[in-house]
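One chain, chain A, appears in both complexes that follow, with chain B as partner in the first and chain C in the second.
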Partner chain A sequence: MNTLLPAVVSGIAQGVPIFVIASGLTLIYGVMHVLNFAHGAFFLVGAYIVTTVLHGNSLGGFVLAALAAGLVVAALGTACEVLVFRRLYRAGSHVGFLGAFALFLAITGATVHIWGHDPRTVQYPAGLDGAVSLNGPRVATYDLAVVGVGVLLAVGLYVLLAHTSVGTRVRALSHDRAMASALGIRASRIGTLVFAIGSFLAGVAGALVTPVTSIDGSLASSYLVPAFVVVIVGGLGSVPGAFVAAVALGVIDSLLFAYVPSLSGFSYYIVVAVILMIRPQGLFGHASRATQIAR
Partner chain B sequence: MPVSTRTRGWQLARTGGVHVLLGCAALALVVPMIATGTYVFTWTTAVIWALFAMATNVLFGWSGLLSFGQTAFFGLGGYTVALIHENRGNVDGLLLLAVAAVVAAVAGAAFSVIALRSTGAEFAVLTLVLAQVLWLLTNRVRALHGEDGIGGLYSITILGRELASDEQTWYTFVAIAAVCCWLLWMLHRSTLGAAMRAVRDDAHRAAALGIRVRRVQVLAFAIGSAFSAVAGGMLGLQQGVVSPTMLSLTISGQVLVACLVGGLRVFGGPVLGAVVLILAQQALSGVATDSTMFVGILLLVIVLVLPSGLTSLPGVLAAHLPALRRRARGPSPVTADPAPATAPKAGTETRS
Partner chain C sequence: MKRQARLRVAAVLAALGVTVSACSSDGGSTGGGTGGDTIKIGVVLPFSGVQAAIAKLEGDGFQVAVDQINAAGGIDGKKLEIVKADDQLDTTKAASLMRDLDSRGVKLALGGQTTDLCKAEAQAAARFDILFVGAHCTSKTLVDPPVSDNFWMTGQLDVDLTRANGESLAALFPQVQTWDVFGYDQEVTRGFWTQTRDQIAKSTGKPVQANTEIYVAAKATDFKTQLSALAGAQTGTKETRGLFLGVYGAGTTSFIQQARPLGILDDYAVIAQTGVYWTTARALEGSAPAIYDVHEYFWSCQENDLNTSFVRDFEALTGQKPDTGAYQGYVAVQILAEAIRKAGSAEPDAVAKAMPGISVQTPAGLPMTMDGASHHADGPITTALLTGDKSAPESIAVTDCKTVLASQLR
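On to the complex of A and B.
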């Protein structure tokens, strides 16, 4: 019991950034039908921006830096959508993938030119650097804060998708693009918006991981692949699915790390294989139409 | 396809794949004339990549199976060659490559039987997962030596001769690649090749016509894996070392990019794409310390200007030249996209 609770909390905290990336990926897939490789690069840029703008370790400064990362990356993502993806949409998903991969290479390459090869680190924000005692076992404060941010973002996304008119339009487009367009929903405008939201989330996710890891170019793919796995396990296009999958996978990985160290790192891949054997469309995916978002 | 060249002799040559062999022979002779020293080495890399891209295109372009994890079999080939060499020193290189091909074909068939339960993007991510699992294994299994990889592959002989110079390696590897290309061409012309294209275009209709869709897909995966493994083994022989980098995500992406840059629907497209990609990387690495950004930008330009690949260039030019002459500037491609009528196209692929 003494090791179980910290392992679970750190597992959830590990799953949150991946959920935040995956939710953007899955939203974009729902509307644009592109598995956006460039998302890993957006995430990396978010992390680098925090290392650049943040001086000292005040909590307020960290929050502002995270917001700045989100906004800059949102602008970057919007630019990519308008300049690249919108032109590629009609050419089919293969070409969309090629464009996304080209952007991934271009942006990660650019980060090397801007920020160099050396790994960079960020201090824990003041007040979040210790550990608190939860009825005995001790849990890192920053992990708890990350869990809080994750819940906040999940609720925010749920409200946005389920209870606003913009969310209704996003869901309509991912459900049936032709019909939604016939009803007067402007697909390209919603596409840009979804890209902006998705890349904002990627930027914030990048900011969230800065204190717990060292930031270099390999970060892009080391978080992108788990995010892809989470998107698939949750069901393509399903934000709740991504949330459940990210948290579950994070906890499983953390528990394996605590109890069966030789298998840690493989857990994502074992789970995705098992899930796809049982439910090829993912946990929350729809068999006929694998592109539904929050119902 | 150019209509004017369709004479009887040309047709016969195409049926037997003679033009593929002639093309490879011409390449083998021309490159040492225009390239010297390290450039021959670069061209050898390009030929290996061309074979890898061709093998990937069996899945991607011919059968419509998007695999992000072709590096799994590329790496599997390399590591098979290296492991056998480490344990039994004097096995011939050709035999090593053949064993690598068989191992990868079996592994690919077994994997695809399971993974083909899902389709489209889910399938693609499953293949990505396979590559990542193998990558992790290189770090966890001690016999694979982690980051360092397995070295000392220079001493492998091919048909009893060591690959002493870059030129010798070049001729040997072009010969191996030529045989592989010829086999792939014969496959392309065969009924199995036609079945693959039918499955790609419409799996339901193909099934209705009596094609066993799953069997064709599994065969395509096994064949693509086998040739990827040969390419991986060749890269190991050429570099003298295999390392976990061979299994990285970047390599998976690059090989798909090579296919797409060249053009999926033309047999030689991936070859052109791979050669362009490798030569561009080489040229750009001389200009800047890190060429990734420039490769990315180059790709973006190709994607935006020629989304069907470089091999579509003659067709595009033929279509646009009259208009180009009339107006000084070329017709701008579609900028805003107000027509969602074509939208369901992308969605049809995930359905099955």
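On to the complex of A and C.
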């Protein structure tokens, strides 16, 4: 018990930021069928926006900076959807993936021009710079706050997708684009909205990691690989699946470190390999349907 | 037709992406062709990618040395000209990079960011008859005997760096008896710890206790689980505990940021690291924890005319103080230039013959001398305590400096 509780809490704290990144990724895939490799670059831009607009360490300032990061990245994602992805949808997923990868390179390259090569850091927000003791071992207050934000975002996304008219249209589009369009849903407008929401989440995720990591170009890919693993394990296009997968992977990694340390660095790869063998469509995926958003 | 048009859009985007990414890498060539009055020197570094920030400072170190030599009239009237090549931290690019340098008339090259890159680039350079100086290479496996006849190394050996660190730690913190270790799960970083541990034990005459050793996947930056375990596993009092860090780059920054709220940074009498801490300490803007570090050079540890001019010219070029990578680049150019002077030629064979016994004074206050048998230069190593301090230049206070020649440690 002395090891189990802190390991589980640390695992959840590790998994939730990955969920925030993966949620935008899987949302965009679920509706637009775009495996958006540029998401890592959006995430990086979100982190850089915080380093630019945030001065000092007030909690209110940090919240505003995170919102600013989300909004700027939402605008960037919207521009990318309108100017790039919209022209590539009918060319097939492989062309869309190429376009996304090109955007990833272009945006990460542009960040070097704008913010330079030198790594940056951000202070913890006031009041969240300590730790709490869990039966001995300590857990950072900020990590617990991020878990709270992640849960709020998950609930917010669920409510948006399952209990609003916009969500109904998004789900209709994800199930059958042609039928949804025939029923009068403006597919391109909903697509742009989904891209904006997904990009907003990437920007917020970038903001959330700023106090705990080095902010430099390598950030674009360092969180992207675990996020892709989460999307695959949860089921392509499933937001609830991403949440469950992110938390489960975080906890499994943490427990492996506590009890089988030699395997902890490989936990994500072991889990994704096992899932692909026994349930290729992912935990919340459906074999006969390409998308299953908010199921 | 429409499908073709979309493919064209994707192709144009891909080209744009690569172009912007490449432009941002600062890896473009600054010269081409063979000039009668210039000696072209290739600088091969990862100007793009995760180590771009480090490579930029290293490249600036090469540039300062070249500028100083050119300002003094060059070598026998010939100016030096740098030709940059971006290896993107990828060993598979070594052959194509060397072919490209060869086609540009480059027969002398410097660089080598990692052991694997040093080896690959040295061997690729040999195929094009290019002399290659490993300025940033530190592995003993590369020299004595050298990986190829054309390879010469000026970076100091990591075993000597760890010996120096262990010796200084034993002298400054004799009361520290127990060490926790946190590092990347790599042979080289595990080796840093064991060599440091053995040197502390040798210097103090007492065995060193390792309490908790935690190794994480290379390049990982999320340490929440491991740090929670580390925070709950300490033994003894603060005065008797030390922490050895075997992470680097973004890993060091992430470790510090994530360890801070858990109070881990305040739980030890000393935190020690082998490797580049300067970049991390600067990024932390005055809040960098005190870390006992070892490398070849810390700018404020020496007071001599050569160091003064190096620091002044480096600041004029970059607006920053030079770090150890910049120093390594600077000294490698000085060694190469001295060999060209002695040979009276910039032909690689002649320069190689002139290399043994070449000795130059360094900004670290001690000379560096090239050994003809091992192809490795014996040079200074410096240990120092680096602490975040907003009132200090670049917000880093450097104290407890100690500089020795590597050969004195063996």
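To be clear about the criterion, the second predicted complex is superposed on the first by the 289 of 295 C-alpha atoms of A that agree within 3 Å, B and C clash if a C-alpha of one lies under 4 Å from a C-alpha of the other, contacts with A are read in each partner's own complex, and residues count from 1 in each chain.
Rule of thumb we're sticking to: contacts are C-beta pairs under 8 Å (C-beta built on N, C-alpha and C of every residue); 3 or more make two chains touch, one makes a residue touch a chain.
None of the values given here were measured: they were computed from a predicted structure.
Fit or clash for chain B plus chain C once both are placed on chain A?
By the criteria stated at the top, chain C and chain B clash after superposition.
If you stack the two complexes on chain A, which partner ends up touching A:6: first (chain B), second (chain C), both, or neither?
A:6: touches chain C, not chain B.
Check whether A:265 is in contact with chain B, with chain C, with both or with neither, and answer first, second, both or neither.
Touch status of A:265: both partners.
After the superposition on A, what does A:158 contact: first (chain B), second (chain C), both or neither?
The answer is neither, since A:158 touches no partner chain.
Check whether A:139 is in contact with chain B, with chain C, with both or with neither, and answer first, second, both or neither.
Second partner only.
Where does A:225 make contact in the superposed view: on chain B (first), on chain C (second), on both, or on neither?
A:225 contacts chain B only, not chain C.
Where does A:213 make contact in the superposed view: on chain B (first), on chain C (second), on both, or on neither?
It touches chain C, and chain B stays clear.
Identify the overlap between the chain B-contacting and the chain C-contacting residues of chain A.
In the superposed arrangement, which is not itself an observed complex, chain A uses residues 84, 87-88, 90-91, 95, 98-99, 101-106, 108-110, 112-113, 117, 265-266 for both chain B and chain C.
Spell out the residues on chain A that touch chain B in their complex, using ranges where they run on.
29, 33, 35, 37, 84, 86-99, 101-110, 112-113, 117, 177-178, 181, 187-188, 221, 224-225, 228-229, 231-232, 236, 262, 265-266, 268-269, 272-273, 276-277, 280-282, 288-291
Considering the complex alone, what residue numbers of chain A touch chain C?
Contacts found on chain A: 6-7, 9-11, 13-14, 84, 87-88, 90-91, 95, 98-99, 101-106, 108-113, 117-121, 123-124, 128-131, 136-143, 211-214, 216-219, 222, 253-254, 257-258, 261, 264-266.
Could you pull out which chain C residues touch chain A in their complex?
2-3, 6-7, 9-10, 13-18, 20-26, 49-50, 52-53, 56, 185, 214, 216-217, 219-222, 224-226, 228-229, 231-232, 249-250, 253-254, 257-258, 260-263, 279-280, 282-285, 287
Considering only the defined contacts, which chain B positions touch chain A in the complex?
Going by the criterion above, the answer is residues 60, 66, 114-115, 117-122, 124-126, 128-129, 132-133, 136, 140, 248-250, 253, 256-257, 260-261, 264, 288, 290-297, 299-300, 303-304, 307-308, 333-347, 349-351.
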